[in-house]
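My structure is below; once you've seen it, I'll send some questions.
Lettered A, B, C and D in written order, each chain numbered from 1.
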Amino acid sequence: MSESAFEPVIIGFTCNWCSYRAADLAGTSRIKYPPNVRLIRVMCSGRIDPTFVLKALADGADGVMIAGCHPGECHYLEQNYKALRRHRLLQRTLAQFGIEPERVRLTWASAAEGARFAEEVGAMVDEVKKLGPLNWPTRPVPQSEAAAEVAP
Amino acid sequence: MADNTQQERVGVYVCHCGSNIAGVVDVQSVARFAAEDLKGRGVVVARDYTFMCSVTGQELIEQDIREQGLTRVVVAACSPHLHEGTFRGACGRAGLNPYLAEMASIREHVAWVHTDKAVATAKAKAIVNGAVERVLRNEPLEAIRVPIEAGTLVVGGGIAGLQTALEIAEAGYPVHLVEREPSIGGHMAQFDKTFPTLDCAACILTPKMAAAGSHPHIQLHTWSEVEKVEGYVGNYTVTVKKKPRYVLEDVCTGCGICIEKCPVLVVDEAHDAGIGYRKAIYTPFAQAVPNIPVLDPDTCTYYVGGKGGCRACEKFCPTEPNSIVFDQQEERITLRVGNIVLATGWDLFDARRIHQYGYGRLANVFTNLELERMCNAAGPTGGKVVLRDGQTAPARVGIVHCVGSRDRNYNNWCSSICCMQSVKLAHLVKERTGAEVFNFYIDMRTPAKDYDEFYQRVLDEGVHFIRGKVAEVSDVPRGPDEQGPLFVQVEDTLAGLQRRIPVDMVVLSAGLEPRRDSKAVGKTFGIACSTNGWFIEKHAKLDPIATMTEGVFVAGCAQGPKDIPASVAQGAAAAARVLSYIRQGELALEPVRASVNEAQCSGCRLCNGLCPFNAISFIEERRVTEINAALCQGCGTCVAACPAGAISGSGFSNEQLLAQIEGLLLDVARVPEPA
Amino acid sequence: MKALFYPGCAMQRNARAYLDSLLAIRADIDLELEEVADWNCCGATEYMSVHRVPAHALIGRNLALAQRQAADTKLLTAGCSACYLNLAKTDTQMREDRKLEVTVNEALAAGDLHYDAGSLQVRHLLDVVCHDIGYAAVKEKVVKPLYGLKVAAYYGCQVVRPDYDDRWDSHEHPTAMDRLLAALGAEPVDWALKTQCCGGHMTVIGPDVAYGLIRRLVHGAAEAGADLVATLCPMCQLNLDAYQVEMNRHFHADYHLPVLYFTQLMGLAFGHKPADLGIGKEFVDAAPALAKIQVEAPPEAKAKRKRRHRPEDGLPMPRME
Amino acid sequence: MSTVSTPDAQQDRGGFLARVMAATPGDNRLNMCIQCGSCGGSCPSGPEMEHTPRRLFALIRAGESETVLRSNTPWFCVSCYYCTVRCPQNIHITDVMYTLKSMAIRAGLYRDPSPAGFSETFVDYVEKYGRSFELGLATRFNLRHHPLSLAGMAPLGLGMLKRGRMELTPHRIDGMDQLGAILDKAKELEAAA
């Protein structure tokens, strides 16, 4: 598959208070961004279990974007820092399995940052396009094992 | 994944939203996809309709639930933040548990952000598929009900907190008003006139203070601070620290003899903004409520002078027993309340930080607050506007807007009141001294009722307005011809010239800042601050009063800079919210909560430190963790962290989310290779 | 302590007194200086105006040479404001701008050189003396305190601004040199113009502007009661000293305010002979001012200015602590 | 006042801001200017400038490239950085001035040749010797641009010589070939950018 023809599919985890609303705002502001991302709403980026990310990659996603409130602005005080920590560990784990850590991007967007959200999606899509389709290991990564390494 | 979803009957409704969705997404195709391709997943009805949120649209769903026996509903339309409540309501009316409905956002997340019709339609289908898979795992939920204690804690006795306290008390419910300073009144008590009507601040504030002080339903706790907050909405236990006044509150008559006799004079950094004096035993101002003095042990000779000090206050106190108690200790009291309103106010930007404006170095550079005190008839100069020498009236005055505000080197926000305050101060200076007044502004912001009219009036009074952010204030002439004594150096941006305006006095309109301890206070009450330090409201537009913690509300400048009318409005609104909770007697909470399956909990305690709301506790006897449903706010961090999978989050369970992921990716699913 | 040293063109000749005095005092403050071998001009404020990338490459060569020599210290110090700022600027901008880092290194490769942005700490000499060596260590070496000498500490522009690495307490009213002077026994005067511009290259391309600025500075320092001005930059010294004469002629004025380098004052306090410190090379003779040293008994430790507490004195000033 | 309103012209003109920003290193934030004038107010040579820096930024936005590059404003910049540290929007104003100077030289648009001439004379010496050379710089610059002032400046020059503060011959660094190669390459890279 040539690079330009490759249209990755990205699962985007967004938190109820900031980033999902940023996506809403991008919509109400009619800001265009690539259609490659499909969003899931959770209450907080702290809710994102590493298993979800692995599940998405295993099920056909080429990348995963996690978007939370800005550090210091979490509606649950500081749970996005926990997402930050898990993200770092997750990236390291993925690298061990031969998966490019850039496929899992963590970003912040406040409810007022529709444009930023759209930009981040664009940047993520570009990045994954460059990486090419995810070559999921033929022997699937045991999800629970990989996830266990990055909890909590 | 065990599939017990076979027996469900799902209805899928695809909204056109006029042409908003239908213009980009082929809605018929999406409905057809649901009806045909998802038949095997339990979809028994799939319809598209112009406006699902209309009464007819909702009736369509209700009718199908009744007639087709739907057990699950998916509405593909706008963002759930807009109409989730609407469609849950429709389900509820038709007898279906409201939490068995899901929304698929194909307007904000598809139609409005993409242009290619085919791609958008494909994405909409994936989202609908995800929602169907998710809704199949939804469980019927019941709102959590908690009883509401009738008492309310109001923190902060400024104008916003006073308003809240009075409204609630007037409705007949008890209020505890906690104030850190010796008197209620807040910053407003320092001001002279208020814009744009030029009402005397004291004339409109002191009646409210007096009313709060004597109201049978309001208990004042001045010179006190909240130390600890435990519990949850409806049922808070609050520990208040009462600092020692060294004066018996219930004996003192407020006669003021002790103040008169006290020989120690100190600069009053608080109420008089550092340009007036008070005694070592003092009330901050004449109309203080309560009218009971406070003794300041840092300056009283009894404490600092050694040898027992002068004890004049004690000697002259006429009460029996004597009101002065030199060894009074701080006290702690415990309050039980159902709701909390935080109206903790603001601090003034420290103008000394901007060295080029010379505040603290150049005698005749003042802050807006200093000038407010000077203009106040009860202030240190008796209402006269004078230079630092205390006598000379200035002939030329420069008023600098945006000091510390709208400036990335200091605070990046607009303090919102300074334009109007500066215009008001210009008027007062001109009125009292006849001086020539120059206002230096970046942009004039006068957007509320009668504000611009006031600006026009002051323009007409002959105040000069120069557009430019002041570069520096200097007392050094450029050459022998320049006559100061002070120079305001600025680019007059409308003339395109650098100008140096000679003045006698400079007034810096220092901006509003969050209280220096707002982050710590936020932590005490379990609410979040923005990185700037202002408390974060639940929703910037639709709920600027509640916070993310149920039962904790914000009012006034604690939530962001605002003027007096806005503070009063927000204070009253907070009262209305609290009263509505009290009147309901009990409260229904969103049932998005975490809970522990004790059988699965290994007692590892990994989750114990994760909860910012202290909802998680460890039960030693059973060696398991327990989550208090009323304290839990539903963020789900513990759910994600539990290595045993023993914690589940209602509304956002692992099963729901994993199914949604799978559903979203159905069209690109990897074919698993045999191991 | 050890530092790599970039003297810069001016120190070689016009500001020879700065170099001489620095060399004279380095042993007193235990500062070992290793000159960057075969360094080239930093471009002052001129090169950047003509060619941006070559200007960074020009500075880059110095950084690359210094990095090569940086075996036992990462500290690179310069005495001239413009030299310091240029070195710091190229280092900072290469750090912040990946594209620039690549381009500059591509150019440096033509001379077989390479510089890893951020690998050196670029500091002005005053910064090293005040913050690394410290006031206490300086004070310890004082044998002839400069009692009685009132000095206006003059920082000029480019050391305290833009201050890429947050080295100073203020961009407008810094106090580091004032505290150094106090450690030497001199009395720093409080004056408002300590970071105003000396005129820079305007003395050459627009003398009228420059003379105005110079007069304001000289007048301000004299008004504040200074016997002399202490400076930290060859350009500032040249403009305030040599051009003070031209300025007097231009305005028919008669100012005589000597301008010395802070290192010269350190040398005097450490007991070195004036001639060894390059004193005498200045246009405005410093001898009359220096004659005041120790003429009067050492002043009592100046009582902290107390806040006025009496209403009859007028309104209290803001608290400044 | 001339008015340009065709969309094409506006578009092309809008590009000028982008060009200036692209030629200025780092996050220079020029697009964030709120026209407050703290730069123009702070500038020690502000009174001498045809346009204050603030006005120049408005002209850049308006795409008035010729007016901007002909302006004496950047040449009067003394690199004091007051504007930069005081700018409420943290715009790297001094760096932008450097950009405008080099753009003006490339476009041959500066009107008063004297400041640019000084910079170019300076650069010539550096490129020939690797060091600056005050005597040569002053005389060559003044000969070319202010021949009459040379006599007036003689006492200063003599004073410098007398005090041993000026060299009669320039110093040449050893690695002149190396420096030459580096600068040539840098110029080539700049031209290509």
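In this text, a residue touches a chain if its C-beta (ideal position, glycine included) is under 8 Å from a C-beta of that chain, and two chains touch if they have at least 3 such contacts.
Please read all numbers here as calculations on a predicted model, not as lab measurements.
Asker: Any idea which two chains share the most contacting C-beta pairs?
Answerer: After counting contacts between each pair of chains, the winner is C-D.
Asker: Please work out the Cα centroid separation of subunit B and subunit C, and write it as a whole number of Å.
Answerer: That gives a centre separation of 48 Å.
Asker: Whole-Å distance, subunit C centre to subunit D centre, using C-alpha means?
Answerer: Here the centre of subunit D sits 24 Å away from the centre of subunit C.
Asker: Taking the mean of the C-alpha atoms as each chain's centre, how many Å separate subunit A from subunit B?
Answerer: 30
Asker: Subunit B: which residues touch two or more other chains?
Answerer: 356, 472
Asker: Which positions in subunit D touch two or more other chains at once?
Answerer: Within subunit D, residues 82, 85 contact more than one other chain.
Asker: Can you list the subunit C residues in contact with two or more other chains?
Answerer: Within subunit C, the residues that touch at least two other chains are 171-172.
Asker: What chain-chain pairs meet the touch criterion?
Answerer: A-B, B-C, B-D, C-D
Asker: Considering the complex alone, what residue numbers of subunit C touch subunit D?
Answerer: 9-10, 12-16, 38-41, 43-54, 56-58, 60-61, 82, 85, 92-93, 96-97, 100, 103-104, 106-113, 157-158, 161-163, 171-172, 196-197, 199-202, 204-206, 209, 213, 242-243, 245-246, 280-283
Asker: Inside the complex, what are the residues of subunit D that reach subunit C?
Answerer: 23, 25-27, 44-45, 48, 74-76, 78-82, 84-85, 92, 94, 98-99, 101-102, 105, 114-116, 118-120, 122-123, 126, 130-134, 138, 141, 155-156, 159-160, 163-167, 171, 173-175, 178-179, 181-187, 189-190, 193
Asker: Residue numbers of subunit B touching subunit D in their complex, please.
Answerer: Listed in rising order, the residues are 356, 402, 406-409, 442-443, 467-472, 489-493, 496-498.
Asker: For a test of understanding, state which residues of subunit C touch subunit B in their complex under the given definition.
Answerer: 170-173, 192-193, 212, 215-216, 220, 223, 307, 309-320
Asker: Taking the touch rule as given, give the residues of subunit A at its contact with subunit B in the complex, in rising order.
Answerer: Counting only subunit A, the residues touching subunit B are 9, 11, 17, 20-21, 23-24, 26-28, 30-33, 35, 38-44, 46-52, 55-56, 58-61, 70-79, 82, 86, 111-112, 118, 136, 138-140, 148, 151-152.
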